[in-house]
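Okay, so subunit A shows up in both of these, paired with subunit B first and subunit C after.
For the complex of A and B:
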């Protein structure tokens, strides 16, 4: 998100990849494991309008320190040294620009190979870079993404390239979208002054918890208890905590009050935004167990009570 | 809340009913305008307007206020949101933020504050239209609709290439229903598809890669489709080569190409006279062959319009602000990014369209921006018939919508323009003609170009854009008395009054008082439900089953926007079955 706000992002919907992409990079991302249907539905194996032969019509490049299941499928596998993604992206950018790299290897990759790959990228008629947590979690964090976006942007001076972030958590995109159109900001919104304010580093949930500022917490359909830093989780344990979630999670474990809710897309309908921001209608397939509310019903009841106070 | 209103002593400008500044009473009952004699004064809320300027609620025919690319603007420009952060109860009950891409609540509030009650979202990518409707639903007060992007749609291209115009028309009707859309919108036809390969089209006769069609052919088929279906609005076009020096030629060529299709306006609803609405024409009125030789061609554009009433426009007037550009014209946004070095967001949408978003700073010190500023106003002032013109800034592309009061004040006052001519770059003196124009808009012309004309162009002048009996009671009263104020001299007064309406009525309810939103009503969403011959539709549906499986990443069954996304739909049923 911060990278996007720094340098923007050239992207597309997944069907564009399916129809057009002849070159695909998975960087720090292992869809074979994390998104099992992704490669057959939308990318690598999918047959598309301009890619009728599917896999045969596409060149797959995987960049990862580990030889993952996805890497084993690749036409080109680049084993980057852990935490040196930034250097490798920079070298690729230099190679794309035709600048001479005065070293034998960068990030564990021989320079000749970097030039070869740069040519592959420039020769693509439509390229897509998928990146995932692997790249955000390695040293450099959002600056890695800045640099990756710049690589894709630079490539557009030669041909067509786009980038899609592989987001793991269900409908996290939808949360960012809704918050942005209702408040103007995608996350970390603070309302204490009566207007929406956004200052990551100060107003994010983790910031508020670690500074000990938050003195109560309600979590809806999320599991910070499993993902937040130790110090934030410790604070969660100290303060009144309400967890609203269809599933029993580590957050629910910590909670003073746990409210089970119906599962959207199975027991209740709604909208979910795909990783490429395409909004999908989630249908109700079965009735929820008797007495179980969905989260909208529950929150509306809470609002009603708050307004009575 | 009183169901009846009686507004006394309103100084009414209502061009659709031939009323020019007459002080009169207005009756409101059950959300509609009625004869004042029908209002029971003892039960009604009575308001004395004391001779204040009164018009129908404003109608914005083209703005980007809801949907995926608008939200990309919000997400990737926190700096824009920080420029305007509005607290609870300041403009209305809720808070919001955003200067050029306001949050949905703030969008509703700021339009209502200016007395606008209808705002059309100018471009929705069909695949993502559920998102657009989610934002429309969350935008208070305003009546809205979404214009369905069709100008780069593969399925339409394929039908047209095969010579299947009727199937193409049936598919367009299907797509309007699937997206709950109101208008056939075309953006850089062929060019956005070419952008799928990082390319563009550069003339009306350039072939779109792999599709064997040219922009000229695309326009001609689409205008035929539009009139075959008899839609309330005409095709709504954003021509090729937006923003490029010398593009006035392709603009005029485009209008010629559309006219060459040989169709007349044939709406099933409304009284529009145009066969094409060409949007944000300021961006399409450039001379020269490079930025160094850039100049205004507003005179050529206006001369054409003065000869051809079948073409209408909105301005896309530059307001010289820092703003956010956003369009389905993918290649154009790349060009802007290359030109400015500012951050660039792009989202190509499978089978249908693309989009880009880039921040932009229009500066009065910049020679090109200054000439652009002049061009928008020149077109408004040189086009003789105001019924062909709508005031717009292509919000937020040429400037934010909340600058409309300033644009209107510029048009009403030569001295105000003079004041700005001093501030802008002197290219305006050499490469534009604004300084030589002395025309000043009258209140009637303001009422035409901000309400009456757009309502008529949209085919909705039976219900909006005027204050005749039976019209929706959308009323804007401004704190300015036309018989006491000379807009030419008192332009500051005009601008201030138009920024903050004294009273706004929406569907018979008071929503704004003294410039503050006091009541949030739910707006309606217009869409057209076009009935086409059953046999042709069945064939199209059969084709779609195959095409969706082959081209899309979603299932056909998941594509159509469900009714639940439109809490207050206004379905306009058009029966085109006998027209095929």
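For the complex of A and C:
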């Protein structure tokens, strides 16, 4: 998110990737485990309008410290040392520009291989870079993405390249999109002054909890108890905690109040955003258990009570 | 005791378990484990299923060692699937981005006689609510 704000993002929808992409990079992303339907629906194995032979029409490149299940399916696998993605992206950019790299290897990758891959990227007719937590959760964080976006920008001087983030959670893109068009900011929005403020590191949830600034917490359809680092969860256990979720989770385990709700997209209708930011209308499939509210109904009742106070 | 770089992240089994239920047996089976390069396990003298203590400067946790059959980490790297067990040792510092250091954490690993807590509810209560 921070990187997109810094340098912008040349992107497209997954349908474009399916129909056009002939060269695809997965960087710090393991869709065989994390997005098991992705490679067959949109990329590697999918037959597209301009890629009728599917797998044969596409070159797959995987960059990862581990030889993952995805890497085993790739045409080219690049084993990067943990925390050295930034260096490798910079080296690739140098190679794309035809600059001589005065080293034998960068981030554990021999320089000859970097030139080979740079040629592959320039020869693409439509390239897509998919990146994920392997880039955003290691050293450099969003600066890695800045650099990756710059690589894509450089490649657009030669051919067509786009990038799409492999989002981890259902409708996390929807949260970012809706928050951005309602407040101007994609996450970590602070309303304490009566207007939206945004300063990641100061106003982000993990930081507010780790510094002990938050003195109450309400969690809706999320599980920070399972996915936040220990210091943040320690604070959650100390303060009044409300958990609104269809499932019993580690957050529910720590909560003072737990409110079960209906499952969005199954037990009630609504809109969810796909990872390429396409909003999809979800229909209700089955009735929720009797008496169960959905998130919206519950939150509206809470707001009503708050306004009475 | 040996030093490793810890990566955390998704596995297909973690995905299966969170959809089944984090309060069910399948969850700790999927995430209260640490995947090794088999050569590193041999050097440490541990076998598949043995408990190991993983310690970082941020905390420690006991999980079960697994020899990675697929997605094998390189020598010196271990992998714990994302979840409350992994989060005992990850780096809470977000470097002013809001995103903690879930990957590339320096850890020490040693075999232990202590059995891992293999129940989500018990783990959360023991570690965060200080209940025995």
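Throughout what follows, the second predicted complex is superposed on the first by the 309 of 309 C-alpha atoms of A that agree within 3 Å, B and C clash if a C-alpha of one lies under 4 Å from a C-alpha of the other, contacts with A are read in each partner's own complex, and residues count from 1 in each chain.
Rule of thumb we're sticking to: contacts are C-beta pairs under 8 Å (C-beta built on N, C-alpha and C of every residue); 3 or more make two chains touch, one makes a residue touch a chain.
Remember, it's a predicted structure, so these values are computed and weren't measured experimentally.
Peer 1: Are subunit B and subunit C a fit on subunit A, or do they clash, once the structures share the same frame?
Peer 2: fit
Peer 1: Figure out whether A:36 sits in contact with subunit B (first) or subunit C (second), or with both, or with neither.
Peer 2: After superposition on chain A, A:36 lies in contact with subunit C alone.
Peer 1: Please work out whether A:240 is in contact with subunit B alone, subunit C alone, both, or neither, and reply first, second, both or neither.
Peer 2: Once the two structures are laid over each other on A, A:240 reaches no partner at all.
Peer 1: Answer with first, second, both or neither: which of subunit B and subunit C does A:212 touch in the superposed model?
Peer 2: Once the two structures are laid over each other on A, A:212 reaches no partner at all.
Peer 1: For A:271, is the partner it touches subunit B (first), subunit C (second), both, or none of the two (neither)?
Peer 2: The first partner, subunit B, only.
Peer 1: Would you sort A:191 into first (subunit B), second (subunit C), both or neither based on which partner it touches?
Peer 2: Touch partner of A:191: subunit B, not subunit C.
Peer 1: Per the contact definition in the header, classify A:110: touching subunit B only (first), subunit C only (second), both, or neither.
Peer 2: Touch partners of A:110: none, neither subunit B nor subunit C.
Peer 1: Go through the superposed model and pick first if A:160 touches only subunit B, second if only subunit C, both, or neither.
Peer 2: A:160 sits against subunit B, while subunit C stays out of touch.
Peer 1: With both complexes placed on chain A, how many Å separate the closest C-alpha atoms of subunit B and subunit C?
Peer 2: Value for subunit B versus subunit C, nearest C-alpha atoms: 14 Å.
Peer 1: Pick out the shared contact residues on subunit A: the ones touching subunit B in one complex and subunit C in the other.
Peer 2: Shared contact residues on subunit A: none.
Peer 1: Where on subunit B does subunit A make contact in their complex?
Peer 2: Per the touch definition, subunit B meets subunit A at residues 66, 68, 70-71, 74-78, 81-82, 85-88, 90, 95-98, 101-106, 127-128, 130-131, 134-135, 138, 154, 195-198, 210, 334, 337, 343-351, 354, 357-358, 550-554, 558, 562.
Peer 1: Can you tell me which positions in subunit C touch subunit A when the two form their complex?
Peer 2: Checking each residue of subunit C against subunit A gives 5, 7, 9-12, 15, 18, 21-23, 58-59, 70-74, 77, 79, 82-84, 87-92, 94-104, 120-121, 123-125, 127-129.
Peer 1: Give every residue of subunit A touching subunit C within the complex, in rising order.
Peer 2: Going by the criterion above, the answer is residues 2, 30, 32-34, 36, 65-69, 72, 79, 82-83, 133-134, 136-139, 141-142, 168, 187-188, 200-202, 204-207, 210, 223, 225-234, 236-237, 247-250, 253-254.
Peer 1: Touching subunit B in the complex: which residues of subunit A?
Peer 2: Counting only subunit A, the residues touching subunit B are 1, 4-16, 18-20, 41-42, 47-50, 125-126, 153, 156, 159-160, 162, 176-178, 180-186, 191, 193-198, 271, 273, 277-281.
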